Each structure stands twice: as structure tokens, then as C-alpha cells.
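The data blocks that follow each hold one structure.
In the two assemblies presented below, chain A is common to both, partnered first by chain B and then by chain C.
Presenting the complex of A and B:
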């Protein structure tokens, strides 16, 4: 997992900020954070190029892929890294999204970056509370406890209607394109870029964490908790830290969602979100950031393709409405049946087979 | 005081459905070591089957029978053809594939019957304090639990099923058909899941009707201890009572949070559930 963003091959993206096409040794000699940051910079260029080609229409979709990717990367650190299975990741996205919306509504003078920092802090605190309460739980017990969190939390938005806007949620208006870029990019393109900039910056940090000592400790705990404890790893503390990092990433993803969509409703953080996230992660492949990326693409685009397909074939209303969820389920079952390591593992196997020929 | 008694009786009736679903989850956990997220899907399929049969024949009880048979078949087929080849490779994948089945079944049901609500009746009159419908719910679940206890404790097939679940290798060497026993375990569990569905669905039926019931069911199973069927029933009753009291005294939106509080409190004292025995672990 460590160098997954770093190892991105750098073909002719024509970017000035990339290092000269140097020897692999030279690349490996760079410290890990630098490698990850460079990888993130290249990825941002790729996203910008993609946005320039596809234009305004797909900008929102691209932003959706971005924040979903971040949420999944946090979950990846938790599940793939430390082996804790959380079914309540959507709850942290909800906390982040509502924090963002309330900040924009009640403290409109704060700049976006400050808001995002506050979002991270608030969701990290929530992560501390939940992580400390669930540190002793393992396997299905942790899953059950986090599941009920994901289901219970939207109830608060209904209960405190005045503050959280009930089932209608909150609508916010955030700052659009800065003046000097007016006319160059549209508002939604700008938002997509802001989302991806933040996401890639945080992903570089996550990749550095999981490549370092903390990541190693987390994997040791995942593989054998007792053996890890006997080797002197503080098991409880490491697990809580993993939970906090994952919650902060999930919260930030929620905050970015609120920023990109401009609206926050409790129904978008229903049970199905948390379940989709964990299912998508396994679909993409546990244990690598690439897996999280494929998962994010699958979550967003399977739905798009299913809706397009249903509309093109002029299927009935009931079929059209339910095709995305059925398609996601069928793809999930088939991938797990034939590619047990998920899309990432399956693609790797394909690549190896082609390379051997 | 009257209000309290009403809420308590209501909580017991709710708890019966949660207990039944928790029981079905625990049975599958015992047999296959995975939490079956497809349990509400099987229940959903069963109850829609009951809905269709009742519409055609006009008889509630024919529908009831159809539901139980559908549940059993769905559970057995899912174990044999979907879960087994996948869970053999990785247990986590086994859990996630049950989630996939949940999505597929929910969507498919929506495609066939639509996402709107259909009226779906109770077995008996639901009017009054501890109505006949409530009595039926509690006694049906109690009866099933008793039968299950007798099956597992006193019959040869029950012994084989326990052997297959606890020591598959040793059981296989002794001539037990382990695979068949696991399929039978799933069938029995999904039979109980279908019963839970019939108790929990009224008054309306729609594709997401069991989401919250299932969450309470899994919570109940976790609270009681995933290894203990009696724990499932105890957990279901606790969650039902807690939810009923909180809805009555505080507000229905916070009923799920009451379950959260119960989970956190119980699991912080006993991380493996109330009725679990501590196990020694090998390194």
C-alpha cells in the first residue's frame, strides 16, 4: 500500500513539475513523502487534463469520484491496514458534511481551507469518541456497533429540526471561481479541482502514514493481534489511531461533498451509503489505494451507466429506478466469485499474464 | 404507569421479531462464521411471496406457508451456490457477497413490485393492548426457539449440524456430510428469518422495509453474543424494550440511538456479548 500513489508510472503527461524520466533507483532514493507528493501532483495534472477534455458536464461526477475516493481511502486504512471492519463510515461523512454546512451558514466569513481544517478536527474528535468506545471490540461486534451508529445518526438530524433542517437538510452557497480565473473554468469545474486538490494532498499523507511505522504496526495487528502485542506494539492505541485517521478522512470527504453539492440531507447518509462503501472497497480490492480508486469509480460510474442503459432501452419506471443497485450487486458478486482480490488484484493478474506472453 | 405497561408490552412484541431475526443471524454465524447481510433479503423475498400468494388465493395462511418455504429455499440456494465458493477463499469476501445479494434482491423486488408501499396485513387483529397479533408474535418466536433447542440438543441431525459447525474436519472423518449440514443450517436460519419478516413487515410492505429491523436484529445478536441462540432472544427483547421506551418517552427518531447506547454499554462490559463464554485463543 505504501507507494501506491508514488508508483504511478509517469508517461508523457508533458508536465513540467514531474522529475525528469530518471532511473528507478533515483526515484526510490527520494524520501517517501516526496515521492507521494510528486505522485499526487502528477495525479492532479491527470485530473485537470481529464477535466479539460470532458468539460463542465462531468465535473460534478468527477468531484463525486474524488470525495468518494477519499472516504474509501480512509476506510482502506482502517480495514486493509488494521483489519477493523467499520460499517459506520457513512456516519463520519455525515458529521463532516453537516459540520461544513453549519460553518458556511453560521460563520460565512471563514475561508474554505479553515472550514476544511475544522471539519477534519470535528470528525477526528468524533473518531476518538467512537474509536475509544469500540477499541475492545473485534470482527462482527465492531461491525454491529458501527452499523447502528450509521443508522442512528441521521435520526439526530430529524430530531433537532431547527439546527439541522430535518429531512430537507441544509442548503449552502460556497464561494465559486476566484476572480482571476473567471471565464477560464466554470464553477463546477473549479469545485472539482478544489475537491481533487484536497483529496490528493490527503491521500499523499495517508500513503506516507501507511508506508511508515504506524502502517507497519497496523498491518502487524491485522495479521495477528496477539503476536503484535507480544512484539511490543501498543495494540489498543494503534487501533484507536487508525480509527481516528479513518474518521477524519471520512469526515473530510463528507465536508467536500457538502462543498461540491451545496446541499446536505440526512437521506444521503442512510444505511445504504455505509454498506456501499465497505462493499465497494472489497470490490476494488483490499489493501491498496488503487483498490480504493477503482472502488470510487465503480460506485459513481456503475450508477451512471445503469441509469443511461435503463433510459436507452426505455425500460419501465420500476426497472429503471432499481437497475443501478442490482447492477452493483451483480458486479460485486461476480467480481468476488472470479477475482477474490477485487478489481485491483484482478487487473494485476491480467497484467502479469500479458507480461508473461 | 399505564403508559409504561403499554410500552413494555409493545416492546416485547417488537422484540419478538428482532429476536427471530437475531436468531437466524446467530444460527448462520455458528454454522459458517459470517454475519449474513442477505438475511433481510431472504425475508423480503419471502414476504413478497406471501403477498403474491395471498393476493391470488385470498388466504393469509397459504401466503404464510409460501413465505416460510421461500425463505428456506432461498437460504439453502444462497449458501450452496453463492456463499460457499466465495467464503472458502476469504471470510471477508463471504460477508461482502451476502451484502451483494441483499442489494440484488432489494433491487429485483423493486423491479417486480415497485418501490411503493403495499398494504400488508397482520395474522390476527392488532387492536388493543397486547393484541392477538402481538401474542402470536411472541408465542411463535418462543415456539420456534423451543423447537430449535430440541432439534439441536436431542436429535441426530442436530448433533451432526453442531459437529459440522464446530469441528468440520473431525465431523467429516466421522462420516458427517459437512456441506449438507451447513446448507441445512442456512435453510433453518432463513426459515426463521422469513418468520421474522412476516412478523415485522405489517402494516406496509416495500423494498426497504427490513433495513431497520435488520439493524436491530444484528444489534440484538451482537448484544446477546453471536455464539449463543439464547443470547439472540435476550438481545432482541432488550433492543425491543429499549426502543419502545425511548420512542414513547423521548421520541421515535431516537429509537435507533437507544439501540446504540445499549450496544455500547453492553459491549464495553462484555465485548463478546452478554451470554458468551470467554474463549482461550491460540497464538
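Presenting the complex of A and C:
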């Protein structure tokens, strides 16, 4: 608008006279990737400290929270970011996990980092295939198409028994603690750290995408496709890109799961996983990566607490198996009843209320 | 504006659109010169919005040719039209409801960013400077549309008049060469329509404007050239005075003869 802004207000007139920029201003002046990497480094320190306090027993559980967080963060970008609902996210975790297991079994000389890169590449290719095929589908149709993926894929492991090991799955041995840290950390602690290092690194990348131009393009498409297109945003391509990013994140999460647990079975990637992921996302809060974190904690710990509870009360085997699902459902209903925007929305409302006082 | 071509900016020739058996547009022609304001009028169901959708690439015509700056613009998709310099507003505004007002306008400015796909994925390269520039540009545009104080609000929380200004800001922020306005005056008060007339004349210093409008008063006041559609056909074209005095228009649209400018 060159006419109406003939006399543009000079934005930095007061720069010389104002005091030096405060800390928050300096922080905002940093490029987005740098801010997110610093944040990830701090988070890694927190996780390490937590691990040092809690010790070996919770290490595996912590690793589980880590890769679940990553899978949910990818799903968050897809569902909360671009408005596409996928009920087949678990399928991409399965692709990643089996890729990882097959790599370790058949190409044992490859280092872990290379394996993880290959896992990302393979699941991204799977994401391109699925995303390109479903780019024209909306809402329930997309959900249905991705649902088929989650239902059908585990069957392949049964069908090709020799390659994928059938219902017993594949067992792998991954390298443990490097020699110079021997005795300082245990194997499971080391694995938890590797998982969290990878997760936080990728999360910094996801946060950069989500907070930047691409994320805004996705949100614009989520809100109004026609208006987004008339603003010059390639709608179809952006939706496919969102799908690919989510698939790659899901696949990497699966690869990390295989690494941390040392075993992959088709039953752990059944339809229930995909549905749990999307339900957990609603529980944690759609739209923010924080929501994905609360969702990951809920997925892992609600099950643990329910099992502990059932055991403590000496309930039967059947109850012990089903209590986690019941508890998850009850918590989901309660949270949505009182905090319709999920845990993250609830916490934000709480913070705002405290800030106003 | 500096004329990029000596001739016309946008030309449509013999545009025909059929929806099944219904012919929504029948060999319609439209020509827009740089810096001119063209009004598109006609009774309900005349095909105005259909023509708009063809011009902005949302709808592909069954027959006919579109030219942009003298070059044929074949099979262009909406985002390609936008990148070529065509912006539009919508009858229903179509603001992004869960984005702040500022972000709404930043999305409109997206096509002016310099970074490519890689910078968007990684946040490196031009990304940081792009983001800063887009925000500044969006803020300046919001200021010129008198909506800067609402930058952090969600569009749904604002009065309708302000929302309209935000929609206009989103369309204008990337300096388009052609602005398509779909019923810009609907739902506005008399004073607001007067202000809008002034705004449209200001736009035409920078860009060409095509508007679909029911408020005859506004159309007659701001347009250099008017095209009248009825049942998918052009029944009259010309300056406001010519159209006002055209008996075919009076018959089809305005009702009582000689009273054309009061709707």
C-alpha cells in the first residue's frame, strides 16, 4: 500500500534514546531455530537431572514418554497445525520400528545415527505415498483412509512371516553404553538419554516449523482453504508436506521405540495405538506442542498407575488388563468436561487467572 | 501506478461456464485496464460471483480465454493467480478465525517473502528476516486500514466493520496489481459506505479494482466502467452514465426508468 503509507512511521526512531534491549527482547531477536535449540538443550539438562535423581528403574519409562512425545508432536503438527485428521499414525510408527529392527538385524555394522536417518527417510517416503493419495480427502474421509492403514499394516507382519517374524515380531540387540561412560550410567539410562537427545533435537525442528512461515501457512489452510489459496499458498502441496513431516516424526518415534525396547511386535502397533494417540492429543490439548507433552505423559503414566492400582488392590487378571483403558477414558471425559481445550488449555487458563491476581 | 503494460491488465474473452445443464456464464467478456475500477452488476443469480471465481482461478471456465498482461493465463490455480498479483476479498470475509488479526494479514503478505521451501522447513536462510519484514509490513498495512490496535485479537471478537477492514488489509498487504472485491459494501452503514468509496478510489491509484456490488450508489460513484450481467450474459457495458441510461439495464435490473441511481 504505497499510497496510504506515504509517510511510514519510522519503526526504530527511538532506538538511540531508549535503554539497551531487555533480556526478553534480546531473546526474541534470536532466530527461531537458535531459540528452539537452546530450549531443547535446557530440556535435555532437565531430563538428565531427572534421570540422575530417579535412577535406573524409571529410565525405560522415561524413554517411552520420549518417543511417544515425538510421535504425538508429529501428529500435533498434522492435526492441530494443518487440520488433517489421521487415525493411522501408529502405522507410521510401525514402519519406523520395523525399518529399525531390519536394519539392525541385516546391516549390523551401521551406526545408530545412520539407522535413524534411514528410518526417517523410509517413513517420509511412506508419508509421501499416503499423503499424495489422500491430499484431496477432507475430514472423515481422510480419517477413514488413514484408519485403513492402521488396520491393515499389522497384518503384513503376519503375512510375511519370514521377513517380519509374524506375531512374535523381531528381537534386536542394540549397542549399549559407550566404553568411556561404563559404570557412570546404566544401559537403560543411556538409552533413555539417546532417545531424549534425538527427540528434543527433532522437536526443536518441529517447533521451528510450527512457529514459522510454514506453520502459519498450515494454520491458514486449517482455518480456510479458499482464503489461504487466494493469499498465494499452495494448499495441496502444503497439506502433503504436513503429512510427510508427521509421518517422518512418527516413523522416527517408532525407530526409537525399537531401539529402546529391543523388540518390535505387530500387536504393539494395532489400531488401538493410533486411536490412543489421537485421543491423547485431545486430552493434552490440540494445537500446541505442550499439549503433545502432556499427552505423552498421560499415555505412559495412566497405564502405569492403573496397573499399580490393580495390583495393589489385588484385583483379578481381567481387571488388571482393562483398568488402564477405563482409567484413560474416565480421565479423558473428566478433563474435557472441565477443560474443553485439554490439559494445555486448562493450564493456560489457570496461569492467566493467577497472573490477573 | 507504473504501467507494466501499455494495454490491458486482465482480459477475459468468450468465457462460458456450464454446471451440468445450466449455463451460468455465456460468452462473457471483461477487460480491465491498469488503475481502473470496473463494476460488475446484475440481479441475483446473474453470474457475477461465478465470473469472479473464474477471474481468481477458483473455477475453470468450460470455454473462453483469460489473458493476464497480454499473456494467456491458462489453467491457473488460485494460489498461482495470487502469486501473479491478483488478490480478492470474499462476500463472507473468510478471515482465518483462529489466527490473530496480525497473522491474518501476515498470511496475505506471505507471497512477498524471499525464502524458499528449504528456509521454511529449517527456519534458516532468509526465514528470520522474512518473518520480521512480513510482520512489519502487515503492521503498517493494518495501521493504514485503521485496525492496528486490534492486531492481537481474534477476528471473531471484532465488530463487522473492523473485520471488513482486516479482510481488505489482508488482500492489499502484498501490493496486488488487481484487486477483486466481492460485495465490499454489504452490511455496512451509510457512513461506512462513503468511507469505502474513498478507499476504493485510493486503491485505484496503485492497482486495478473489479467489484461486484449491489449498492448502485457506490458502483455509480467509484467505477470507471461497468459491466451488467443478466442470466449469464452481458447485457450492457460502458461508463456509469451510459449504463444508467441504457434501456436494457433499466428493464432487466433497475425497474423504474430514470431512477437508476437509487437502487
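Worth a mention:
Operating definition for what follows: the second predicted complex is superposed on the first by the 335 of 357 C-alpha atoms of A that agree within 3 Å, B and C clash if a C-alpha of one lies under 4 Å from a C-alpha of the other, contacts with A are read in each partner's own complex, and residues count from 1 in each chain.
FYI, a residue touches a chain if its C-beta (ideal position, glycine included) is under 8 Å from a C-beta of that chain, and two chains touch if they have at least 3 such contacts.
Source: prediction; values computed, not measured.
After overlaying the two complexes on the shared chain, residue contacts for A:219 are found with chain C alone; chain B is out of touch.
Shared-chain residue A:227: touches chain B and chain C both. In the superposition on chain A, A:209 makes contact with chain C only, while chain B stays out of contact range.
Touch criterion not met for A:163: it reaches neither chain B nor chain C. The larger set of touched chain A residues comes from B, when the choice is between chain B and chain C. Legend: residue contacts after superposition of the two complexes on their common chain; A:105 is shown touching neither chain B nor chain C.
When the two complexes are overlaid on their common chain A, residue A:33 makes contact with chain C while staying clear of chain B. Overlap of the chain B and chain C contact sets on chain A: residues 224, 226-227, 230. Here chain A touches chain B in the complex through residues 85, 133-134, 136-138, 140-141, 143-145, 147-149, 151-152, 155-156, 158-159, 224, 226-227, 230, 271, 275, 278-279, 282-283, 286, 318-319, 321-326, 328-330, 332-333, 336-337, 340, going by the rule given at the top. The part of chain A that touches chain C in the complex is made up of residues 1-5, 8-9, 11, 31-33, 36, 205, 208-209, 212-214, 216-217, 219-220, 222-224, 226-235. Put simply, chain B touches chain A in their complex at residues 29, 35, 37, 82, 85-86, 89-90, 92-93, 95-97, 99-104, 106-108, 110-115, 207, 211-212, 215, 218-219, 221-222, 226, 251, 253-257, 259-260, 263-264, 267-268, 271-273, 281, 283.
The residues of chain C lying in touch with chain A in their complex are 56, 58, 77-79, 81-83, 87-88, 90, 94-99, 103, 106-108, 110-111, 113, 115, 120-124, 127-128, 130-131, 134, 136, 140-141, 143-145, 170, 172-175, 202, 205-206.
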